[in-house]
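Lettered A, B, C, D and E in written order, each chain numbered from 1.
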Amino acid sequence: RLDSEDIQDAFKFEETDNITWSNINGLNNTPEIEIIGDHYNLHPLIQEDIVTTNQRPKIDEYEDYLFLVFKMLHYNEDGEFVNEHVSMVLGSDYVVTFQEADGDVFDGVRERLQNAKGRIRSAGADYLMFALLDAVVDNYFSVIETLSEKIEVLEDQLFDDNIKDDITQDIQELKKEILRIRRAILPLREVINRLEKIDSKLIDERTHNYIRDLYDHIIQVSESVDIYREMIWGLMDMYMTTISNKMNEVMKVLTIMASIFIPLTFMAGIYGMNFDYIPELQYKYGYFVLWGLMILVFLGMLYYFKRKKWL
Amino acid sequence: RLDSEDIQDAFKFEETDNITWSNINGLNNTPEIEIIGDHYNLHPLIQEDIVTTNQRPKIDEYEDYLFLVFKMLHYNEDGEFVNEHVSMVLGSDYVVTFQEADGDVFDGVRERLQNAKGRIRSAGADYLMFALLDAVVDNYFSVIETLSEKIEVLEDQLFDDNIKDDITQDIQELKKEILRIRRAILPLREVINRLEKIDSKLIDERTHNYIRDLYDHIIQVSESVDIYREMIWGLMDMYMTTISNKMNEVMKVLTIMASIFIPLTFMAGIYGMNFDYIPELQYKYGYFVLWGLMILVFLGMLYYFKRKKWL
Amino acid sequence: RLDSEDIQDAFKFEETDNITWSNINGLNNTPEIEIIGDHYNLHPLIQEDIVTTNQRPKIDEYEDYLFLVFKMLHYNEDGEFVNEHVSMVLGSDYVVTFQEADGDVFDGVRERLQNAKGRIRSAGADYLMFALLDAVVDNYFSVIETLSEKIEVLEDQLFDDNIKDDITQDIQELKKEILRIRRAILPLREVINRLEKIDSKLIDERTHNYIRDLYDHIIQVSESVDIYREMIWGLMDMYMTTISNKMNEVMKVLTIMASIFIPLTFMAGIYGMNFDYIPELQYKYGYFVLWGLMILVFLGMLYYFKRKKWL
Amino acid sequence: RLDSEDIQDAFKFEETDNITWSNINGLNNTPEIEIIGDHYNLHPLIQEDIVTTNQRPKIDEYEDYLFLVFKMLHYNEDGEFVNEHVSMVLGSDYVVTFQEADGDVFDGVRERLQNAKGRIRSAGADYLMFALLDAVVDNYFSVIETLSEKIEVLEDQLFDDNIKDDITQDIQELKKEILRIRRAILPLREVINRLEKIDSKLIDERTHNYIRDLYDHIIQVSESVDIYREMIWGLMDMYMTTISNKMNEVMKVLTIMASIFIPLTFMAGIYGMNFDYIPELQYKYGYFVLWGLMILVFLGMLYYFKRKKWL
Amino acid sequence: RLDSEDIQDAFKFEETDNITWSNINGLNNTPEIEIIGDHYNLHPLIQEDIVTTNQRPKIDEYEDYLFLVFKMLHYNEDGEFVNEHVSMVLGSDYVVTFQEADGDVFDGVRERLQNAKGRIRSAGADYLMFALLDAVVDNYFSVIETLSEKIEVLEDQLFDDNIKDDITQDIQELKKEILRIRRAILPLREVINRLEKIDSKLIDERTHNYIRDLYDHIIQVSESVDIYREMIWGLMDMYMTTISNKMNEVMKVLTIMASIFIPLTFMAGIYGMNFDYIPELQYKYGYFVLWGLMILVFLGMLYYFKRKKWL
């Protein structure tokens, strides 16, 4: 392994019999990308695709190499969803990857290479490509995992009483994230499907089994995405019912209070009138009889609301 | 039949002319799985697929055997939905199944084997594979049945008065279950479809008729799933209308109480005023006339609400 | 035509040159079904399909006969939706149909046969099969018709004032019905499509034109089903808006009553106070001036609500 | 051109070298349809399709002629949506059209024929067929136009204050219309697509370009239909939000009125009490101080609601 | 480059060895379009398509040229969405474009041509066609950008307090825009897809790579459109929840005010009664005790609402 700032070193390193994997971090360094492009004789359109970060995942077959574009997804330290553009060129004895930023998804592969563990060191460049793609797809699983946790957090919040007002915005945000995840995964699924079926001398027969397995994985990811998508869309409905339920509760309190006290207030109002002749007013226990009546009305109301299950 | 803890016994047993069915329970026992894998010469990727429990249903054709992955679904004693990972290898004269846990779905097949009943004992390994898959699909029907009962319970609860608050969570839960069921069934449908069309020396011509029948069954299951899916999605709308209907009822009670007693209270308030000169107060029957008026207003209101069908 | 309880009679009858149509009612009579199965040499899987009433519509081609499964739909006397399982075997000179119950859908065909009317008597067994399928599809039209009437009844009820509470259940019920109808019709569409394209010596070239026509009909039915499906799904939204409209009306009544009488009550309350010095109380016409003011407030409110179109 | 009540005249007219176009209005005149059917040797199924008005659009190829079914759509004078069944037979030197009623869609073609204008007179029967279909598709554009106006009218009504109650029924009606329009257009699209690809001696090579153009048009119509469909489905949501907005406004009026006057009424109630010793009552300016307090509360409330943007 | 009002000049200019690009602005100038049509020998249907502005995007292959129709989208100065019809004819050594209005989308290409920069001047007519289409698709990205900003503005408004009433109309308007954008983009996607696969002598092998790249771009645009579409549809739900949340808040204010003051008013009403014998009235500190009680009730209510998180 060679950690070098100078591309030319990498090329010298290449003279040996081994498979070379060059990983370029940062897409602003266009001169370096041009040097590599010239060295490996890459088509100008490829060089353009390497630096246009909103290029969707795809695979282009050229005579001497395969060109792949895909996305690394992760949540950064601020919990923001990040969509990193990665390109890969697979030649007969080299793999070049271009990363937008210094990601850590490939670290596992790097480690296995250094430890000379497993097939990865003995096998060809095509297996290295598989290993790198596999690392990316495995990473998707963990992204999906994070997403599923976010959904559960939101679901719990929906039933929490001190729910904040902008939960709809959180849901809308989640919708955007899942749509962007889908947008990274679905085309890659097609890419891997085509990779499985491709008839290229660059890809060994034995590697096809591994790519088929990779294809199984990406299908699984995309099925999970579809399920979480339905869940997120369902959140809005859940929220709506929660709001309505709360309004219902508010209305019940109002209705109970008003229905009990408005008639009682009316009764009190009756005997607050100043008519010259209101016989009840002169009864000795009139006041207490009225209290009794009021308590009766009160209890009747309570019973009524109890029976209606509003209390 | 041989109940053995030692895999080697099983292999000895195999020397005979019969078809061998080995069923391995528990996927943590990797050494055993490796022994079997070596014995039957299974590809390393298969050994990996056997133990990765979130592998989706699939079929892989190899030269000497077919490899199938599928899911057993059931509700455990706590009513939780369980998704059990099962793998199957079909060779010329053996079937090996790997189960995540000690399920009872295969019990029927086991019994028929012991009782030497039906085609199952005389036919080949391919028929045994069919019988096992058939048991799995039959089991799906009963899972769907349970699901349909759950839906009906929820539907009834929606119109129940003391509905609990978190019914939306139950519905969301049901959505997740049906999505997970679909996820187990849809790929298996493809697997069986491919099994029907496969041109392999491992599968006898006569067995194809049975697989076609199996395919009919799994399509039927997946159609039921789609129907229940629509039903579950409809539940949320039903719940929403129920909430709204209840709020409507609450509002009606409030409106009726307030509309009747607020004007009456106003009338009482009028004659509670202390103006020096309010002629009505001095009429002898003023109080009774007012009562009459109040009763008229009361009845008028009742009539109005009756005509509006609010009572 | 022969109405016999004894299957053997039917077989004797068959010795003649004619086309035989045997119709078996009731699927519990397994011995009879077995006799017929043996007589016509039917595959055991067919005999199983004949009696499993939840088998979906399908067509199976065998060397000497075609096997079809389809559904008869009708509403019974209680207005319940009934889904009847029917199987049909078409041989070179016979048609056997197995009905779950004693339906009357085939009566028209039976009559035309007895009256020796039209092509039906002179043509072969394949034309008889067409005539029976045609009767089934024609029956679908009438089922759809009934469904459309049910939808219209519900639509009218939605705007009716004394709407019953469980209309959402009626709608959910209708959803289930249409989903079950679709489930009967969609696979049959495929069956007929395949029947049109089948290259079998059992089906005469001239009959193909009739089957193509039948295919047109079933597509028409399934399009109607899709339209009614959208209508039914729309019912829930309609109901939701109706509820909301009603709540709106209730709220308006409350708001109008409260907004008019609460301020008036306040005004009366002012002059019910017992302050030693309230100058207005001593004015001679204070009471009448207040009445005037109250009427002004009342009219102002009325005008305000009128302008807001709430009255 | 020949306007005749007697079909036989039409046939004599045919003896000439020209292309004959016969247009039959009204499908109840079965004897005439039979005469034409016999004259042109039409299959009995075609004769049936001509008179079954709910037959969906289709194309049937026969040896000597093509048979097309399609729909003319228009709004009649009462603004009702009308779906007219039309059949067309294209032979080598004749076109026969069967219309359900006396429509005016073909008038333009008729006129161009009489004026001997454009290709239409010199070209063959296939071009005449194209011209007639083109007139029908052009007519679809105007139907769609009318529909789009209806949608706009409804959209405006939604925000109108004196909205009528049954606007949901209008929307449901519109849904039905658009579904029926789709049902006429989608199958015709397939018909024209097949017409473009058909390899028939009846259709000249040069006419294919025109049919391709026609196909473009019908795709355009069907895309418009899909857009208006989404618009109509959106209307219901719009209506729902309008209702909710209105209810919100109603609630605000109630809340403002009640929140302002209920506390004030309470304050008045306090000093309406008859306790022997209420010190405030004896203060000389007690009454005026209370008024001041009430006005303060009133203004405070107003300010509060102003800040909440409820006023 | 030649800026001429006279078409004939353009043709003279053509005599040279170069590739000619003629751009005609305004589709009302039919005589000029006819002159060009005759000069390049264009089919009459093409001339018709050039001027029918609602023609959907398409590609027609003729022997000597390709004919393309597409749409330029932009927002005009008033912020209105404009859909401009453009046609293009690609011959062996010429490109003719017909624009509805004087757009500026092609300006970049024009500039590069004048500056003789890049491939564009040396390459053939097919590359020029690519460059023009590329400019159009690039323009779509900026239209989408504008749309996405509009969505964000609406999202923010939803949570703004002084939201205007007709935001649903804005959303409906946005729906229409995105549907019209889709309608321009989706068929162009197919056009470019076909362009990529076309086997025409007009298109150089090397240009195919560029067209494939263009196809990637248009797929990207159409995926963005689908995402924004979901966002817009989500807006309505968000708005609905915002309305409901607001109503909830209104209801809470009402409920709190009413629940607190109605019981207090009742208490005051009690001691406003005129019974001859109400013992409490004669207690010396009766009035103050009552005040204490009222404050207790008041605080109790506040505590209750606080605990319910309504305050």
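What we mean here is this: contacts are C-beta pairs under 8 Å (C-beta built on N, C-alpha and C of every residue); 3 or more make two chains touch, one makes a residue touch a chain.
Since the model is a prediction, treat every value here as computed from it, not as a measurement.
The set of chains in contact with chain A as well as chain E is empty. Chain D is reached from chain B by a rotation of 145°, derived from superposing Cα atoms (nearest 5).
Note: centroid distance chain A to chain D, computed from Cα atoms, is 40 Å. Chain C and chain D have CA centres that are 25 Å apart. Of all residues in chain D, those that touch two or more other chains are 240, 244, 247, 251, 254, 258, 262, 265, 269, 272-274, 278. If each chain is drawn as a node and touching chains are joined, the picture is one closed loop, every chain linked to exactly two others. Moving round the ring of chains, first from chain B across to chain C, one meets them in the order B, C, D, E, A. Those residues of chain E whose C-beta lies close enough to touch chain D in the complex are 43, 45, 48-49, 54-56, 58, 60, 161-162, 165-166, 168-169, 172, 175-176, 179-180, 183, 236, 239-240, 243-244, 246-247, 250-251, 253-254, 257-258, 261-262, 264-265, 268-269, 271-274, 278, 280-282, 284-287, 290. The touching residues of chain B, when paired with chain C in their complex, are 155, 158-159, 209-210, 212-213, 216, 219-220, 223, 227, 230-231, 234, 237-238, 240-242, 244-245, 247-248, 251-252, 254-255, 258-259, 262-263, 265-266, 269-270, 272-278, 308-310.
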